[in-house]
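Structure first, commentary second.
Order of writing sets the labels: A, B, C and D. Residues in every chain begin at 1.
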């Protein structure tokens, strides 16, 4: 285990009935680092995020945040320790306003009104502050999801398919935001289908297949790796 | 919060409350009242609806009869005064009933307060009447807890307290040497639970042994398995205490099971004969034992109001239907009220109670002898005899069995 | 005594399977709990009672009328409210509340139309001599009701597994979206399933006077809860699991009534809570959604 | 001043003043009882989204807790009232695992739980403890004005609770749980603790209402205090007015219970029908209740 790692995951397994969604996944992430997680559908990327964030509990394996095991903690405890995430399909508090959405999350990080205002601003949500979340379009909901995560001051942010459904201008803007977040010292684990979007963010990726890692390295090297090619195009 | 929205909401709330503060502005003219107001409740829906509506029908019949004669004679004013019946529907709900009893007392300022049918709907009226110092004419609420020496504001007009119902049944069983094994199956509620308790006590130490003694929920609607258990205990007599629904289901399942007992007793064929007969059929009721009440039971010593035949004729010509026991019980409440008005020195509630005590035991109506315990107001007069249904022609007739002074024959035992 | 209890449990178990089957079918196809299920059963009971009192019809002959009337009612009900609800913000809760309102309306109308008296159809309609079965004697009406239930269960099995419509129905149960993707007319299949569900409830209703003692307008909510207990015991969304649930419930009820009758009323509720908490997937089948 | 305080004070004062000008105190008492129960439903359903069909179970637990504390433990009425609330909270604690169920499952399971409670309390084998099916008689401590005063206090508490939830981050956190429990976790909200707290608060309100009711009527059977219709009324009143607001349940109760008594005094058999139609119409046309109409026209409703 690398002593400087923020997140270290070892031999994580999770089964749903007979199906092994995760089968001994290990990975490490340093503060401020952006790691891409790629793989074909059903390879276990989203399950990895769900298990690390606490939506599911792993069957076996360990999850450590700065050396501290967090694998058995409930979601809100992990959140308060600095793990947060976004959702592929955003899950805002629909009946609440945008500002109230952030206010809920502000309680436990002692974020004040200015913090809320700053985050609204940072994610281009200020003009929407008093709108009910259910009235937002999908790109706006994704930014709200991200703002809700950011206001808890995470040190590790798990980003699940943030690029899907965004137009090129929104993609560029989103990439800038994620880079700013990483520059502030937050580690990002990014599950992404849009490899172009991912390439802007990072050069280091882990490729998964059938619940385990089959490649780790740069995106360019991955494109030449025979196992990776096999997985993506072989079957 | 803006002021306008506050006031808007208040307007809203105010309007609603006004709506609930319904009618009934007290019209207390000095001197002689223009009408005697009698307030009561009935249930148009819910479990007590059938009984409650019958009871109200009887009371209404009395009101119409009295008003045709120019009103009830009120001794306090030495003249006849028309009677006005004020009724509300409590839908068999005690919460609603409490509100409505209160409505009758505080808003309608009734002179006389009569309870709805049965113990459950009467139970909430007892403390309310006592608090407002209104004499409650309890028609058929026979719960033993209602009556105490501390509360003079209640009088039970029909039926004795339920704990006294099985007196003659117990004595009857004890008078039958061939019955040594009896089974008791009862619904666990105030009404039948207290009867089971009495029967148990009275049979204790006699030659009649209770070989089966079981309480079931009042909601029980299938007796098939229970009957199987009863049969395993091999009783000669099977006593089932329940509400009408229990009795119907019990007799029904008894018929379907094909079992035979030498003696079967149930309560309600004697009170709601028409309903029971149409529900389970005359064949099932044949040879069944019951507490016969008017109109099955005829009292010949009537000294107040019509005899049964006259009443039956009048009731039929007014409504077209054969009267049942609860019609008569409601009508009997009217007779007791009538007698009270005719004897009480004033319309003051305790004066009425005193006058009732004064004629207690001397009033014989078609419902039997009206006699109350002067200390508690509980009925002790209209005791329940034991009878048996005997096939007669196409239908059934009741043979009175016990006590001996009313007996019209001997039991058919074992049942055929 | 045990033999009697066991066989009575089997007869009642078959009947309760039928009573609950429609609820499970509707749940399987639409993922909504029909809180008015018991009220439709009650209406079916009154239809049979009406045919009996007016025309002296044996409830057996009421079945075709029940099926036609309630199939039709189900299809109409579906198109009147369900598509609209599925499009809303919170379809599960809203439909639940709406069906609850519907159950109140049905009960109120039934009280206005039929009054409050408990009614019964004399079980002697099938002859007064009890039948002998497994060496025990039972009322004929029980045996007839259980036999009808068994036939209805078989019919539903054939419909689901040996007909084109049943195939489509099972596809919708597996996944509404994917079924729509393969060109199945999801609304049509669902509407028919709701119709079949109500028709099954009404058929069970025709025999409720024999199996439940008596019928009355307020019997609905109790039947709905008991049916829900039965399908939760079997397996939610798996119509054939209902049979297992019904048998477990029927046997349990008969054993309770024989040995601890005063606690028998607790049975469906305790079973429901315990199964939901301990084995939410039922004795067979998939897990239910948890919060 | 937090939003809604003046409104609450007004409602409470109304019930303090009305007995002096209007004689049917039982009607006022039942009105308050339903105001409390509707707010209790509001605390749970409005703020956390759990619809407790078996809410009446807490009411009955409160009524019996209060009565048995008097009959068996010889508590004075006020202490017994607290015992009633404690009984309801205890029941809620035992049933807290039900909160793991979602939506309709929870609703039906809670209904089943209240039935279990009813059948246990009314069971004849427990007659020596609970009086079984034979009912409770508290005539010895009957006091209609003191119990009325207690209900006023419970009403004040209920309104205060909702004012607090409407103005605090706790209330916001509960609404977040209602909307998206998983996201609420990622907002740092301890979902299990918060929703359990709302559940207990809601149970305590019903327990207090049940205790005050038991004292007020003083003679009652088990069936009426476990009557499913009590849940139904409270739920319909709340939905009708509008959930997660302070004024919604108040307006809903005043209007519908007022209507109930108004119709109830002349033509009640149509009432259940009216209720059913109101529910269906609400779901189809006005899922956020009556006060959402006021909001739509720009009024700022508490």
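The criterion applied here is as follows: contacts are C-beta pairs under 8 Å (C-beta built on N, C-alpha and C of every residue); 3 or more make two chains touch, one makes a residue touch a chain.
None of these values were measured; they are calculated from a predicted model.
Each step here moves to a touching chain, and the least such steps from chain A to chain D number 1.
Distance between Cα centroids is largest for the pairing of chain C with A. When the C-beta pairs in contact are tallied for B-D and for B-C, the bigger tally goes to B-D. One simple way to say how far apart two chains are is to compare their mean CA positions; for chain B and chain D this gives 35 Å. One finds 46 Å separating the Cα centroids of chain A and chain C.
Computed from the mean C-alpha positions, the centre of chain B lies at a distance of 38 Å from the centre of chain C.
Separating the CA-averaged centres of chain A and chain B is a span of 73 Å. Under the contact definition stated at the top, the residues of chain C that touch 2 or more other chains are 89, 111, 262, 265.
Touching two or more other chains at once are residues 94 of chain A. Multi-chain contact residues of chain D, defined as those touching 2 or more other chains: 119, 124, 269, 271-272.
Residues 1-2, 4-6, 8-10, 12-13, 16-17, 19-22, 44-45, 88-89, 91, 93-96, 98-103, 105-107, 120, 123-124, 126-128, 130-131, 143, 145-146, 148, 151, 188-190, 193-194, 215, 217-218 of chain B are the ones that touch chain D when the two sit in their complex. Here chain B touches chain C in the complex through residues 45-47, 49-50, 188, 214-217, 219-226, 228-229, 232, 244-245, 248-249, 252-253, 255-258, 275, 279-281, going by the rule given at the top. Contacts from chain C toward chain B in the complex involve residues 1, 4-5, 8, 111, 115-120, 122-124, 128-130, 137, 139-142, 211-214, 218, 254, 257-258, 261-262, 264-265.
Chain contact summary for the complex, chain D toward chain A: residues 169, 172-173, 175-176, 178-180, 182-192, 244. If you check the complex, the residues on chain C that touch chain D are 32-33, 81, 84-85, 88-89, 92-98, 100-109, 111-112, 221, 225, 228-229, 262-263, 265-266, 268-270, 272-273, 276-277, 280, 288-291.
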